[in-house]
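What follows are several structures.
Each of the next two complexes has chain A plus one other chain: chain B in the first, chain C in the second.
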Partner chain A sequence: MEFSYFPGCTLKTKARDLDETARLAAEALGVTLRELPEWQCCGAVYPMSREEIAVRLSSVRALMAARDEGRPLLTLCSACHHVMKRVNHDMQTDEGLRTKANNYLQPDKPYAGETRVVHYLEMLRDEVGFGEVARKVTSPFKGVKIAAYYGCMLLRPSAVMRFDNPENPSVMEDFISAIGAAPVRFPYRNECCGGYVALDDRGAARKASRRVTRAAAQHGAEALITACPLCLYNLKENGGGEVPVHYFTEFLAAALGLKTLEGGLARAS
Partner chain B sequence: MRVDEKTLAEDIVRMSGTNVKKCMKCGKCSATCPSFEDMDVHPHSFVTMAEEGDVAGLLKSKSLWKCLSCFACVERCPRGVEPAHLIEAVRFFALSPQGLNKMKPDVVPIFLQNLEEKGAEVPQQLLTSAFRKYSK
Partner chain C sequence: MQRIGVFVCWCGSNIAATVDVDAVAQAVKTEPGVAFSTNYQYMCSEGGQAIIRNAIAEHKLTGIVVCACSPRMHEATFRKTAATAGLNPYMVEIANIREQCSWIHKDREKATVKAIILSRAAVAKLNLDSPLTAGETPVTKRALVIGGGIAGIQTALDIADAGYEVDIVEKTPTIGGKMAMLDKTFPTLDCSACILTPKMVDAAAHEKITLYTYSEVEKVSGFVGNFTVDIRKRARSVDADRCTGCGDCMEKCPSKKSKSEFNQGLSNRSAIYIPFAQAIPNVPVIDREACIKFQTGKCGVCQKICSAKAVDYEQQDEIMTRRYGAIVAATGFKTINLGRFEEFQYAQSPDVITSLEFERLCNAAGPTKGKVMRLSNHETPKTVVFVQCVGSRSTVECGKTYCSKICCMYTAKHAMLLKEKYPETEVYVFYIDVRTPGKGFDEFYRRAAEEYGVRYVKGMVGKVAEENGRLRVQASDLIADKQLVIEADMVVLAAAIEPDPSARNLATLLTASMDTNDFFTEAHPKLRPVESPTAGVYLSGVCQGPKDIPDTVSQAGAAAAKVIGLLAKDKLVGNPCVAGCNEPLCNGCSACELVCPYGAITYEEKTVMDHGVREQRRVASVNEALCQGCGACTVTCPSGAMDLKGFTNLQIMAEVDAICR
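Let's turn to the complex of A and B:
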């Protein structure tokens, strides 16, 4: 199983843990990730205005590179996934944007959204299968209560993202079960943590992130997991420290016996 | 005002790609908005004001900066109106005239100093998305 891989800017810097543990785990699960030889930051925010073309181009370049390599494009950061998937959808469905982007980039073969964009969690669920993940687990987090924080960008808008049920998702809970832990379902798991305004309006970021961490703590969570570096930062920094926050891949790599969970939780087994 | 308000309202709606006429005024967008309490103009009012061409109020609304771009209103609107796209288009017009960018690169070191005092690690994603939101 081979994927072209788009790590994104943060995974090369502040979120190295996310990148490293994901690569280790993928290898152990028989999945080959081939990082695109050249890629640029996706911009972190999907350009909602229809007339902004230039800010879509770096994503189109990455999508096109994956097509030319003949592989699906794997993403990990929630923001990268959101931007890639939506820009790809634009290229499939919006003729005006497609024409302008192709006119600008002048590729040998025009791009029309042919690449399949796959998030790491979707790869685990649909390509590897959680049953297979569970079979490869050597150090299960038996009895540990883990809450999944989906946030916004993986799920919405569901008509484009098609990631999971937007109001009652289950992929991350299934992941938690696969590594032997106990999933904690809590309100606010798919509500915003306010990360987007954390620079300019820390009060708002604090209010939104505490709603999330408090609800998780009240439901008995011993840890929160996320796929998003911005959610992780915001929940840690502005969430009041109620629950430790980790990337889901840190738990995966630890459960597969590849890397100890830093600041880790004691296993019940 | 650079152009007459009616033209500007049409430009904003066109750029957002939304169809404000589909709104049936159910208020679900505002009910689900995580920033509702902090907003002066609420998402459902954004739609109505854009429909009526009242953009002067939208351009100076503090709600532009309270929107978290979480797409809850987009997902939960029963009519597919996409209020967040409209708010983004108004932000674009509020920032695009020369000199009106809300964030300039020289503030970054100060932000980092303030935020990283406790050893926090501000992710690149936050800086990039802030520039996407606050400058055009």
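Let's turn to the complex of A and C:
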């Protein structure tokens, strides 16, 4: 199983843990990740304007590079995944944008959204299979109550993202079960963490993040997992420290016996 | 050689605006066999029919082609016209230049060419038509009603009052359906049980009505006037003739942990049970899945204490075969599964309930004896949020696109009942639109909003979350254009309704069609709303589309009137367009017998002359009384031996040739 891999800027700076543990785990699961050479920013925020072309171009470059390598494109950061999948969808369905982007980039072969964009979690679910993940686990997190935090960007808009049911997702809970832990479902697992508002109005971000961490704690979670560096930042810095927050790949690598969980688990008992 | 008249209809501007009707009439004049052609504004009107009758007499026509709307609309009309002018009614062909031409095209020139082609195809077919005579079949004067809710009960009562025998088949242990679960009914707030139970008793006591509860339709064969139906009477494990309905068995039954279906799972019932006090018949049934005797063999308490010796563990399902002239589907509805609407936390929080559950909480005979309480702590809620359109008018996958029609009114009812019982309660209703198009409905809703002080908010609830023992409801108020957060004690969801799951299988048995939502389709959405396109099958109640009790009762009566009209006839004129076997060509392969949905084809040993040689052969034989003329056998037959009268292989080929010319 081979994928072109787009790590994104944050995974090279603040979210090194996410990148490193994801690569370790992929190797152990027999998945080869080939980092795209000379990748650039994904565009960071999907533009609200339908006319906006410049922001989309950087995603199109990565998508086109994966197409030329003949592999599906694997992403990890929720924001990168969100922008890539939506821009790819635009390239498939919006003739105007497609023409503009191709005119601007002048590629040898015009791009029309041929690349399949796959999130790491989708890869675990659909390509490796959670059954296979469970078989490879050597240090299961038996009895540990873990709550999954999806945030918004993986799930919505659901018609484009086609990631999971936006109101009742299950892929991360299935992942938690696969590493031997007990998933905790709580009502705010798909609500906003505060996102970029943290830069502008920290109070608002704090309110949103606290609501998430408090609800997780009330439902008995010993840890929160996420795929998104921005969510992790908000839940950690603005969430009031009620529950430890980790990338899901940190748990995966630990369960596969590759790297111990940073900070360990403060068991309530 | 035929002498054919062609009559091109304008249908006002429906056809004439897109098709040059005069050009069509002129163009077909040169077709072989055409002796006369004309066009007229409305062929189906009395004036139009007179033109046809006069032309038949004047030009000695042997057949007519009417270029007009779909044959489903007016074929019967024009056959009658032809018959009154002395023609065989089957010497009539319809060229559909409306639904299949003018309505779907814009380019007048091209549409006219297409209309000419369709018309000459009809002429080509008519050239090969021969007069047909329909046979007659007797009518079995008994009706079957499937479903024992208010729709089925009303239909059965109306048919029985006209003097015909009716059987009601109900799959649950009692008749009464969903209406029996309701506390009050809108817009009059009268007690549901008070108006329903007398009807249930009437149905049970009526000498012309036979009830088969805990029973299901298993097989249907035959056709209008002559259906044969297998009914499975499931084993109650209680002898209905002996049982006195004393209830001792239910009291003594040690297995009391089954969820009560009648109370929406809000209370428990015993394994041997009567669903509710007014159930009909008042005879318990043993739920074998829950019964200790059936599961482990050890128990038998109910049998020991039954003084009437009615409990019978050996009882078996029984299959009865009965004959009917007409069948009415009245299979009703259920509320959709809310498990996938996680934003409302229905599956997670006991204080988030459906409207039907709320109905049971309001009911004096319900699980809380009429006290509205939070199921988490049995306290009276101080703030209650009603959410309408949960899964209705929805574009998400787990929802329904249609309006469930009853929710606006019952939510207004619930809000009022709550305010009446607990005037201090703060009540919110979130809505997309409030729809109140029934008699007295808008006044009812306004009473809730204006007199009872129910707070109606236009907007939807986006999230319900349990927080500190209460429910935090996030919603938007579209008129004030702001986000609301309400701390509520109870959230009531008006779940969309969908057809009962048994309807799908029944539709297959009846060869009745359904729409994409599994509601039965009517023969015509406006003009034949209680008939299924399958002759002899009628529709009553929500199985045809969402409707409230007043509408259901009206439709039930309408379906009954149609059934009575059918049963009042002694004989039905059959369809002469039936299949026949050209025996010298038949090789006895059985392909036609296998595809025939009506069991009309059998095989017999016959002496057949083939190229002057006398041979003993196995050949197909068609029972013309059973054949419905579907044509499946004619396309299946590998040797071209099967042919359909009125639609012969030669005629179809002639049409194709005329189109491709």
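By definition in this document, the second predicted complex is superposed on the first by the 265 of 269 C-alpha atoms of A that agree within 3 Å, B and C clash if a C-alpha of one lies under 4 Å from a C-alpha of the other, contacts with A are read in each partner's own complex, and residues count from 1 in each chain.
What we mean here is this: contacts are C-beta pairs under 8 Å (C-beta built on N, C-alpha and C of every residue); 3 or more make two chains touch, one makes a residue touch a chain.
These numbers were taken from a predicted model, which means no experiment stands behind them.
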For A:V60, select first, second, both or neither according to whether it touches chain B, chain C, the two together, or no partner.
neither
Residue contacts on chain A - larger count, chain B or chain C:
B
Tell me the contact category for A:A101 with respect to chain B and chain C: first, second, both or neither.
neither
Counting only touches as set out at the top, which of chain B and chain C does A:L36 meet: first, second, both, neither?
neither
Does the superposition put A:N165 against chain B (first), chain C (second), both, or neither?
second
Examine A:S49 and indicate which partner it touches, taking first as chain B and second as chain C; both and neither are also allowed.
first
Based on the superposed arrangement, let me know which partner A:T13 touches: chain B (first), chain C (second), both, or neither?
first
For A:A215 in the superposed arrangement: first (chain B), second (chain C), both or neither?
second
After superposition on the shared chain, which partner residues are touched by A:E191: those of chain B (first), chain C (second), both, or neither?
both
Find the residues of chain A that appear in the contact set with chain B and again in the contact set with chain C.
191
Within the complex, which stretch of chain A touches chain C?
165, 167-168, 185, 187-188, 191, 215, 218
For chain A, which residues count as touching chain B in their complex?
8-10, 13-15, 41, 43-45, 47-52, 55, 77, 79, 152-153, 155-158, 166, 191-192, 194-201, 204, 208, 211, 229-230, 232-233, 236-237
Within their complex, chain C touches chain A through residues 339-343, 345, 348, 396, 463-467
Once bound in the complex, which stretches of chain B touch chain A?
14-17, 34-35, 38, 65-66, 68-72, 74-75, 84-85, 88-89, 92, 102-103, 111, 115, 120-130, 132-134
